[in-house]
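Each of the two complexes below includes chain A, the first together with chain B, the second together with chain C.
So, the complex of A and B:
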């Protein structure tokens, strides 16, 4: 039955693919109505405002409630799709975007959603004192985008130069103007008592315990099938898995725990989906030892990334073959030739690059410089702790003098995250990132920026990123980013190890097929309104 | 039972040397003897670890382990961890670290403790007062937490760890030596030495210290377990030797997530730590009895 439903959905999406996406699924009819779904996530959110949510705990709750104009930006899905904006027109010169807002959408308190709310939201984001991360999305260099309310349901965005990333840049959750007394929202009561337009509305928050959400019967996609969602805060995958097995919660992500109790168990369903998260070994491209792309390629060939997936990722990962995450529109599996693990070949590549053990001390050297590689990473992040010993052993076997620097939290920020100097104190670093969405322009911050983690600024690639940002022809853009992808794969400012795969476990009578498991969202559900209990 | 006359000898009888008496007494403490042999074996293993380990302790074998710790087998006598690293080799390296840190920390601790205790006991007066108040200040510091903070700051190199453990545990030794010196100072042989003009430092090193050696040795032996446990606790909390090198505490920490599925992960480091600690305790007990003239028969 479920298979059939899935096939039907697939057929509908295939057929509907050519039509504007607005038509898809608006007429979803709940097979059953009612029930409370108990889900779990790590801990108390920092905020319930979509504008401030940038950590997992907050995003998890916020994505049930808040909505942007267009889905598909950072944190907001991996496909561009209309949400509060029904459709949009782009002017010939690519400088004006006119959004036609959905009519009849109500805020959770019954007030009508209009273009004034959109304007208010963008103005608040632009206000520097608010310190909202999204601000850079609305800036074009030093100049902000211009906004204009044409009428209650038409909103115009005016650019000073063509920018192909506008749709994802504007993928910012909209907040209601009437819920605030001023544009300043750092301490607004809204941040703990939000009003939004999404399928579920906020009811209560028991600090340290749970958050309760209630169905929004007036939701524009149709009333949710469930009555309530309770988000419980449970730390650790093992505890979460136990809670599901004990029947305390109905649905949660469980990768990282022992998932065997869910396998071949008629009471539970275990499902996997790719998450928009990449784990990588980054290089300081100005390092004396790994500054040469040929050395970096050799180290890539000499790194057993499959073993890292197996040991550190618990098998939940797919071997990366691009420096872009899979969610990026230009990603195509198998386009780049894989760096297959082969220590002998790696050794040869290092020799070809001039690194040999000329003084017989077991460590490679070139022009009298020994191959010392200091790898910095967070010693408090268990995943990185698990990756480090394999990198150490693999590279040491090639004759590299590897030094692992497991840094505590303050040192990690000083050396890596907050370090905007082009002189990095490490030769390599371990990290993970993601939730960037389908837009490759976001990666410019890392691959065309001498102050970012990799101290990497290759004129050719930087120019291409600039070109890609202003190119509005989709085919031409695709070609530009394809070229960047190929170049980065050759240059390897970082070795992408694997992209995470999530495993979700839930009660067998909970049906989430129509809600679409979506690894990009931290919720794991794209349309939470379509979750229902089979009985 | 049989009665016989004591053999008479006309020759001058050599007195049994002091160390022979001590050794004889020590040998009666069976547990101490076993512990001493065990420790001697461990010390030999520790010195020759690099030659004796069957595998490189940091070499992974992920294909063999498949992401899960593998149980003891013919190939790997004590199994492997989840990276496929040989657990026996890691345990040997870990035990070496523990022994090295434990013993060095205690040597350091004795150096400080004896100097301060000896000065306080010998000079007395205001020197004694100042030094003892200084000792009290150190005694009032909750050592372990201070260790946590400081070793966090120093990024926990082994040398820093040794100095820290030593610097926070010398107080008992200092008090012991002071008390011993106070009682020795009134004894006739000291007074005699004093009278014939033996200078102070010579008095301390030649007359007082050798007579206070017994309590020092006992205190030192009994401090080693504490230093080893502290080192293990610190590595358990992620300080101590840098990754990926093994130490017993680190191995215990890594074993945490496999408590139920892989017993050898925690049994091996746990048993080694307990063995070393117990062995030092028994030896300390044995030495204390051996040095005690009242118990000597």
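So, the complex of A and C:
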């Protein structure tokens, strides 16, 4: 009897001792351990610091190593989820956010992660000399958010006005305070020799060739299954696909190359996932010709967007039905009635809007003004070079006098990116954007801003965006953005063409199921620690 | 001779300054600037952030101020920082230079080793079937674009046959020591070195052929034959030695390209050399790197020419500089 009791106690302690560990490190157990996965991306990163990584080459590598408090910000996926912060409380008035940090998380050099690191990171971001892109995230107009270290594992953010976007705004990779000598980090050695908390740690950088990362055995989600990840720099999708076929790369994105060698091939898997990138035709909503929403709707109906996907996008796209990207939490497929391509209907809509060819010159006109549409786009971006002629053909067939302005790099900046005037030198422009994550407030910069690309500032929509930003009740917030989504779809300051789809090819014995292929991450992997080789 | 060398070196100074001004002006005139590297064209960015980046890179200064500061710093031996990576230019170039020297040097040796015998055989067997075949092959070699040959070799040897690696300089799955490591680099070098040397071999063999033919028509060859020298000695001693002199110029002129790298070939084979660095720098408007690579190349052309001229005087007693 006593023996039985003892066994029972032993069992309970054993189970009790094991259980919390298993729960803490998430449920996933690696089926196999070890191996090196070779992946590839364009070229040398500009930086390895999460705070400066803003270009694809840098972000790709950083995503394997660094982590923010919360997932779901720009470049960090499509859902708000705890990462370095385990949970958070929001005060009644919505002005105080208290983050409970994960305990026992170690930096790659073994030092413990604490709230001091979070404070240091945000202070560095706010320092203007550092020229960090995230700075605007932490500003409320001209005033920065206030930060407070409550204790080692509690961090408080104090706002001057309610702001429902705080979680995504704070989704910034945290850097370790002890790795820097001062807040000024423009030229910090850290930028080429980073220390982070993520599943893989930096080992070596052979400039021009590769970067080697090693598993972080102390990773809080559990030790990664792979021993190492090597990021090899290969320029161009065709060269990348060749390297996979030659067996030198195990996993990479290959859309843009000929993917047929991977199809029906037992040695490889080809898998597609939606990317958080939109291609669009934007309008200058103050233009004399396309300033009328009815005209813009007609042009949308008169645009063969499927053809653009097939011809320009190589089939890698899904027809858009919202001015928000799919990753935005309010997006719901099929809620907005699609603008189906129908040239005859488009012609009728233009006639109804008052545009007819009254002088018989083949060009529509209204009150003596011919319908001239100047489309500005980057002549050096090959995708846009392919989109432009289709738009031209479609709209020219309706009787629109389309002028294609393929601009060189400096002109693109002057006319589009750097242009903060409300007077735009174009009637329409071609562009693409994305990796904004689930937060719709980000789009306010474009849809409620008279100085942005579309010179669009509709008082009703702008007011709704303001409301949405300060509304902290999730259901009420959803309703506000749903309303904005419907209004924008009617107003069409831009015609969303398609949302990009990525195609990833990888070795058949590589298993990425548990790692979750997710195109809203640049690496395509949500949990890179869970990639493993099948035996 | 010493006076000649000194004079040439002094002449090079205004030349190099002029080149630096022209390159600086060209980069300035080219559209866009380095701040563009700080945004992803797929994502776009806000103008305020771009302004901060420009200020932090010093791009808000007028062009004359930037040039003078570049010149003085360069004379002090400080080549500055890469705008793209913010690493010192000397470090960026130092990382790539050995790789390019290795690839360029090996392909140069390969070219010489093949081109000279081919040229000799063609010249000696002029207007025979052998000459026609070699000439046709040379024509093909000169005409084939390097990128096409590169892709063809990749397809056949790396993808279909899987004999040779397709990209990079090292095997990233295994780490090798000693001889195995050398062998690993050699295996990676075979395809790019072949591509690089192909066009060079083809054109050099033509040079060698015509140089030897010209020499063979000279009076001293007739004299050598007349005095009864055996044909082997006539060709090997009298003709060949003189026919090799023009090759000195060719090698002298190709030195800069060995050092500054092959843009296309290095990009296709992912070779971590100067060529790829140059391409990335140009795409990213990385002035400090562009300036350093261009000046290096200008310096090498000047010294390459000078060395070729000196070597000429040494190889050909008829040439004297005063």
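Throughout what follows, the second predicted complex is superposed on the first by the 510 of 535 C-alpha atoms of A that agree within 3 Å, B and C clash if a C-alpha of one lies under 4 Å from a C-alpha of the other, contacts with A are read in each partner's own complex, and residues count from 1 in each chain.
Note that in this section a residue touches a chain if its C-beta (ideal position, glycine included) is under 8 Å from a C-beta of that chain, and two chains touch if they have at least 3 such contacts.
Everything quoted here is computed from the prediction, not taken from an experiment.
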Clash or fit, chain B versus chain C on superposed chain A: fit
Partner chain in contact with A:379 - chain B first, chain C second, else both or neither: first
Of chain B and chain C, the chain that contacts the larger number of chain A residues: C
First (chain B), second (chain C), both or neither touched by A:43: second
Touching partner for A:534 - first (chain B), second (chain C), both, neither: neither
Partner chain(s) touched by A:109 [first = chain B, second = chain C, both, neither]: neither
Contacts of A:227 with chain B and chain C, given as first, second, both or neither: neither
First (chain B), second (chain C), both or neither touched by A:408: both
Which superposed partner A:187 touches (first chain B, second chain C, both, neither): second
Touched partner set for A:432, first chain B, second chain C, both or neither: second
Minimum distance between Cα atoms of chain B and chain C in the superposition (Å): 8
Residues of chain A that lie at the interface with chain B and also at the interface with chain C: 408
Touching residues (chain side chain C, partner chain A) in the complex: 31-32, 36-50, 52-53, 55-56, 81, 84-87, 92, 95-96, 99, 154-155, 158-159, 162, 165-170, 172-173, 267-268, 270-273, 276-277, 280
Residue numbers on chain B that touch chain A, as the complex places them: 58-60, 62-63, 65-67, 82-83, 85, 152, 238, 242-244
Complex interface listing, chain A residues touching chain C: 36, 38, 43-47, 54-56, 128-129, 131, 133, 135-136, 186-187, 191-192, 206-210, 212, 230, 232-235, 239, 242-243, 245-249, 277, 378, 381, 408-411, 413, 417-420, 431-435, 445
List of chain A residues in touch with chain B within their complex: 304, 307, 310-311, 314-315, 379-380, 385, 388-390, 392-394, 396-397, 404-406, 408
